[in-house]
Structures are given as structure tokens and as C-alpha cells.
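Below, each structure is written out as C-alpha cells.
Each of the two complexes below includes chain A, the first together with chain B, the second together with chain C.
Up next, the complex of A and B:
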């Protein structure tokens, strides 16, 4: 098993009508052994911007701390929050700085930009940005996730329907992966509120 | 089953200089066979065997107690990280009074258990009496020993009831055969052993023993990524085996550890207040 499959992870983000949803699994494992079932992979950068990181758990935590630091500096200098597109470029630059000794994680960035237009993107571990209009996936269950999202996604879904869709896509995909699952964590973000929900999944 | 030794009968390859044959006189009957042309011969062999050898991603267990033998297994088949099936039958019914468990390569286990079933039936017909568990496990162990080193992957337990009472043997592809009271095989076996060993008593009723077996499999599926699906529990008694239960492990979790509903509502209220 490769180093990206050492801890196991699954992250997915989807775009809806003036809203977005980002979801991840909750397992932390060491190869086949499950160590924890409440590992946080998605973190808030500010009220309209979330980042989910899949891959090696130690790099997930360290990279998140670095990004929060950089964003706080930006807030002090510019006296405002970063736009999602700018943040994506920042993440891409930070990852490429370590081109020959990379952070072994794949970020999924989801945010609400100007005019409440949702923005999602994903990157590989050295910063190649992939913008998408519908959904992005990352982690050990990514192939299953692509299939499930492709089948279940519809454009312009409202927040509740988006929550149902992303939850079903996540749960059915991680049920086909030994290394991810053990519950789910979903954030649905609209211009007015952030709804955080924990999913009851198969614990095997 | 006779080992194919035709590979040993090739003639010795000639060495460059043909004249100094007196050196080679004593070696004229050395067996030799075709070798693959590769730079790393030792590594190549190991790699080829390792590629065919699937990791034993599973949890199976069996134990003897007062009322017979309890056999339990999960039902997940995995290929590396991918779950290829959640509904594999890992407890194989060799005949109405003997069960075998499957761990390792699915094809290997299914084939050799069926083969064992055939041999047991032939024994019955030839000797007008049933074969003992000891005899059946020895037949299987000898068959597997003759294929030793060829990359078979079989980690099985033979459980049954014969004239001497309940019998349980562990047989693997190395040709090992162990008699015992409690076994667990597979990547989830350490977790199953933890629960099984701490809860085991010889004097258990069938219900207590089946609950212990089910719980052990459930805990193994929770911790081990390569085990999951359905926990099947079988009991082998004096009249043969009987399937006691097949519970989906996803539902068993919430049965053992129910989620108190109040907490979920709290989370939603807190998030909405942001």
C-alpha cells in the first residue's frame, strides 16, 4: 500500500444553488487497523471557506495549521477575509514550494465567492489545481466517489437536497473502501448559515 | 496426489569448454531445470509468489465448549484497499457434520474444501463409517503440504463432531496442522482473540457461546479494515452443524452502542446558532 493509503481518507465537495457542501469520512487508521473514529479532516478557514485534506494524517494537521497562519496574516494586512480563488492559489503555491519533498495530502477547497457564487477545487499533492463546476473528490475512496457523484449529482440543488445527495454519495463510496468510513462529517454552507452534521455509517 | 517431478529429469546443460569432463563426472546425475533469465533470481521468485499470494484479509474464529464447537466468520473480500464483496460465504459446509472456514485466497479455500468433501465421502463409502475430524484435517494438511512453496494461501479451521466428541483443527498452506480449543485466523484475529479469550468459559450455553462469537467478530470488523459485512455464527453439535445467525455488522454496532438521539439535536441547534 502506498503512503497515501497509510491512514485512509475520503473527502468530497459539491456545488449547489448559492450553496456548497463538503463532506469527509471520520476514520483514522494505521494501514488496516482503525485507531480513531472521530478524526477531523475538514476545517474552517473563515465563515465562507472550508478546506478538506485527505492523505497522510500528520501532513493534514500540519498543512492546516500553516494555512490558518497564512490566512490570519492576510486578515491582519488586508482587513478582510480571503476570497476562495485567492486561497486556492495560496495553497497551490505552498504545496509547490515543497515540490521535491511534498506534503502527502490532497486538498479539497470549497467556498462562497462574490455574489454568493460557490467555488470548489481540488489539487494533487504538489499543487496542480483542478477547478470543477459540479463536484470534486479526493482520498483512498476517490474512484468510488467519482462514480457515485457522477450518478447522483444534479445542478442547482437546494441545501437540503444537496445534503442528502452528498451524504449518500459519501456513504455508498466508503462502503466499498477498507480504509475509509466509520461515519461521516458533512458541512452545508449557505450565505446565511453553516450546518454541520455527523452521519451514521457502517462501522466496519 | 503425486508431485510432478518431470522437471527434475532434464539433462545437465553443457558448460563452455567441453573437454574437461572429468571434473563433471560425479555430477552427471544432478537434477536441473530451466531457470528464468533475470538479473535478480532470488528476488524474482519471491516477487512472483508474493504477487499471487493475497493477504489474509478476514476474521474467522472457532472454539470448543461444553455443547460442541462454535464457528464464526465475517463476510468481506478485499483486494488491497478495494472491497470486492461484502457477502462472501467463509464458512464452508464440507458435509452435514463438518465445517471448514476460509481465510486467504478464496479460490484456494473453496477448491480444497470441496476436494476434502469428496475425499471424506469416498472414505465413508470405502469404510462404511464417517471419517473423524482428525482424519479429515490430516487429509487436507497432507494435500496442502505437497503444494508447499507454490503460493497457495489457505488458513483454515476444520470443525466437526465425531465419535470422540467435538474436534477442532487449524490447517494452513505451509502444511501445518494444530489441534486446539480456540483458534482465530486472519487479519482481524488479534482483535477477535482479545474479546474471545476474555469472555471464554468451557461451561457456556449455546446462546452465550453464540453471543460471544458474534461479539468477537463484531469487534474485529470494527477495528480491522479488511473485515466486515455479515457476522455468521454456526454451531456444530452431536447431530451436525446448524447456522445460528447472520447479522449485518453495521447494524450490530448500533445494537451494542446505540446513539442517544438527544446529542444529534444538540449539534444541529449549536450549528444553526452560528
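Up next, the complex of A and C:
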């Protein structure tokens, strides 16, 4: 079994009208055994920037800590929050630093840029950025996620409809993947507020 | 770094709490050629004298104003070779930032990193402080910015500043002339007038350098032809001012021009006074006049006829 499939994960982000949504599953497993059903894969960098990390859980946590560290210093030095594009470049650089002994995770970055324009991107474990205009996926359930998102996605959805769409896409995809699931964790971010919701799906 | 015999810092505190080496570095800056910068509402201009040691020097090859990034430029007073080293380091830092964040470096960040380098050279073993003060001009998301960085590593943001030989006169002149809502072209005129203040010899496009950055965020060094145009405009407006007989500004200007300068140039214009106010005033003609020593003040009174 590949090391990326050791813990199991599913992360997806979608673009809406002046808003974005980012969602993940909640299972933490050690191969076939489920250890926890409340594992946090999505973390806030600042009020308009979120990062979801799939892959090996230890790297998920360590990489998140490193990125928060870098962002805090940036905030102190430059007296402003990082733009999502800038943050994506930073993550890419940090991942590539470990080119020959990489962090075994794939990040999904979602944020609101200037003029409240939503920004999403994903990258592989050594920092190859992939920008998208509609949705990005990563994790063990990524193939199912691609299919579900492609079918369900519509451009320019409002926050509520976006929430419904991303939740349906996530739950139906993780149901097809034994290593991810046990509920969902969805953040819908608009210029004015962040809505965090827990989904109850098939608990297996 | 360096020889183990010089692993101690050469910059040490004196009993009065000063770092004497830095004071000496500032003296080196103070004897360098005058340079100045002015922040306008829509851009920044920096300028410097370009006095070459001999007429045989190819002036086109000398570039005192340099780019650090496409939207940040820098000029110096002091030791040219030290400036080159700093420019090289700053360019590298700017590019490293760009490579990491894929974003052009903000002016404040670049200034801070350059200042950090200069500070390191006041506290490391076997090195001496830099003998330059820098004027960094840039335009980024926060708007036009002008910073001065000293050999000690301290930096300040200025609306207008000058450094080098003629610093006190130039700063006094700038204090009087500076307005918050100045536009870039006005600022260039003011910069030229300020340089003219302490200029020994005739000012021309061959012995000054001007760099500007506007809202287009592109830093450019003006070509000699463009400098000639601005010089002509300055001459024209000065001549126009004389003809209409303006008072106030010119009077203060004249008083300033005599104080603290090495010599004063004046000759009496044979033109009759057309203004109707009885006030002592200075007249300067365009021809080179008689050199008078600083203690002489000639007052000419014109009476209303």
C-alpha cells in the first residue's frame, strides 16, 4: 500500500460567487483500522485563507505548523495578511525544499483575494501548483471526487447552494472509498463570515 | 569570517556611548556629492550631482542612480564602491523575496533588509561600516515612498531629504519649497532648484543625474535630453519670476542663498524695477557675476517712482 494511503483522507475546495467552500472527511486511520473520527485536516491561516492537507497525518500536522509559523512572521513584518496567491507560492517553495525527502501530503489552498475574488489551488507533494477556476480535490478519494465534482459543479453559486453542492460531492465520493469518511467538515467563506459545519454521513 | 586575528568587532563603543566608526562613516557621507529625494503625491524623484574628477572621464558610463527592482531605485552619497556592494546585495534580496512569494518586494521590506546588512557590518568581526547613505525611492501598493538608510543601519521615511556636502542648505530649501500635494513634475523642478543651490559651476545634463518613478510603478533614470528639457523649464520659470517681480519667496530665497555658502554670485540687473513695492531685493542675472565672500551682503533698494 502506498504511504499516501496509510491514513486515508479526502479534501475538496470549490469556487462560488465571491465565496469559496473547502471540505474534508474526518477519518484518521492506520491502514484498515479507524483511530479517530474527528481529525482536523482543514486549518485557517487567516480569516480569508484556508489550507486543507491530505496524506500522511504526521506531515499534515507538521506542515501546517510550519506554515502558520511563516505566516505569523510575515504578518508581523509586513503588517498585513498574505494574499492567497502569495501563500500558494510559499507552500510550493517549502515543499520543494524537501524535494528528495518530501512531506507526504498534498495541500489544497483556498482563499479570497483582492476584490473578494475566490482563489483555489492544489499541488502535489513536491510543490507543483495546479490552479483551477472551479474545484480542486486531493486525497485517497480523489478519483471519486473528480467525478462527483464534475457532475455537480455549476459556476457562480451562492454560499448556501455551494455548501449543498460541496457536501453532496464529498459524501458521495467518500462513500466509495473505504479509507476516508466518518462524516465531513465544511467551511464556507464569504467576505463577511466563515460558516463551519459538520456533516453526518455513513459512519463507516 | 576573515582572519582569526580580526574576529573582534572594529566598531566599539566610546565612553560617551557613541560608536565612533559610525560617526566617521557619516562624515564620509557628508563629504560626498550632494544627493536628494522628494516624494510627490503621485511619485518620487531622486537626484544627485555627478561631478567627475576630470573632463576626460566618459560621463555616459557613470551611473550613480541604480535600479534595485523595476519599481525601486536608489541613489547615494559617500563612497561609490561601498554603494556598488550594497546595490548588489539588495538586488539579490529583492529577487529572493520575489522567487519565494512570486510577488515584487514591498519597499519597506527591501529597505529593512538593506538596513539590516548595513547594521551587521557595524557589529561583525573584521569589517568596517559602509561609507554611504542611501536614498531609496519606490512605488508599491502603499503608494510612493522615499527612505534614507544610514551607515548605522537606521532608516527613515522622508517626504523630502538631502545628503552629502550641501545637506543643510538643501534641507532648508526643501523645507520651504515642499508641499504635500506636489506633483511629480513640480518635484523634479524643485529637485533641480535644490541641486542648483549648492552647485559649483554650471548645472547641465552632463553633471547631474535624475531618477523618477510615477504611478506607472516603473523606475526610470532620465536621459540627458530629458534633463535638458527640465533644466530649460526651470530657467524659464525663474526668468518669468524675475520679470514679474515676485516678492516673498525670492526674498527668503536670497537670504538663504547667502547664509553658509562658500561664495555668492550676483550681479546687478540693469532692468528697471516694474513692481511697485518698495522692498530690498536681490537680483541675479544669468551671466556669471563677481564672486563675493560670504560676509558681504549687498542690499539694493529700489524706490517707487
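Worth pointing out:
The rule is short, and it goes like this: the second predicted complex is superposed on the first by the 204 of 204 C-alpha atoms of A that agree within 3 Å, B and C clash if a C-alpha of one lies under 4 Å from a C-alpha of the other, contacts with A are read in each partner's own complex, and residues count from 1 in each chain.
The rule we apply is simple: a residue touches a chain if its C-beta (ideal position, glycine included) is under 8 Å from a C-beta of that chain, and two chains touch if they have at least 3 such contacts.
None of the values given here were measured: they were computed from a predicted structure.
Of the two partner chains, chain C is the only one that A:86 touches; chain B does not reach it.
With both complexes placed on chain A, chain A has more residues touched by B than by the other of chain B and chain C.
Touch criterion met: A:78 reaches chain C, while chain B stays clear of it. Using the contact criterion defined above for the overlaid structures, shared-chain residue A:198 touches chain B, although it does not reach chain C.
Looking at the shared chain after the overlay, A:33 reaches chain B, while chain C stays out of its contact range. For chain C in complex with chain A, the residues that touch the partner chain are 99-103, 106, 108-109, 112. Across the complex, chain B meets chain A through its residues 57, 74, 76, 78, 80-83, 86, 187, 221-229, 249-250, 253-254, 259, 264, 267-268, 271-272, 274.
Chain contact summary for the complex, chain A toward chain C: residues 77-78, 83, 85-86, 89-90, 93. Those residues of chain A that touch chain B in the complex are listed here as 1, 5, 8, 29, 31-34, 47, 140, 175-179, 193-198, 200-204.
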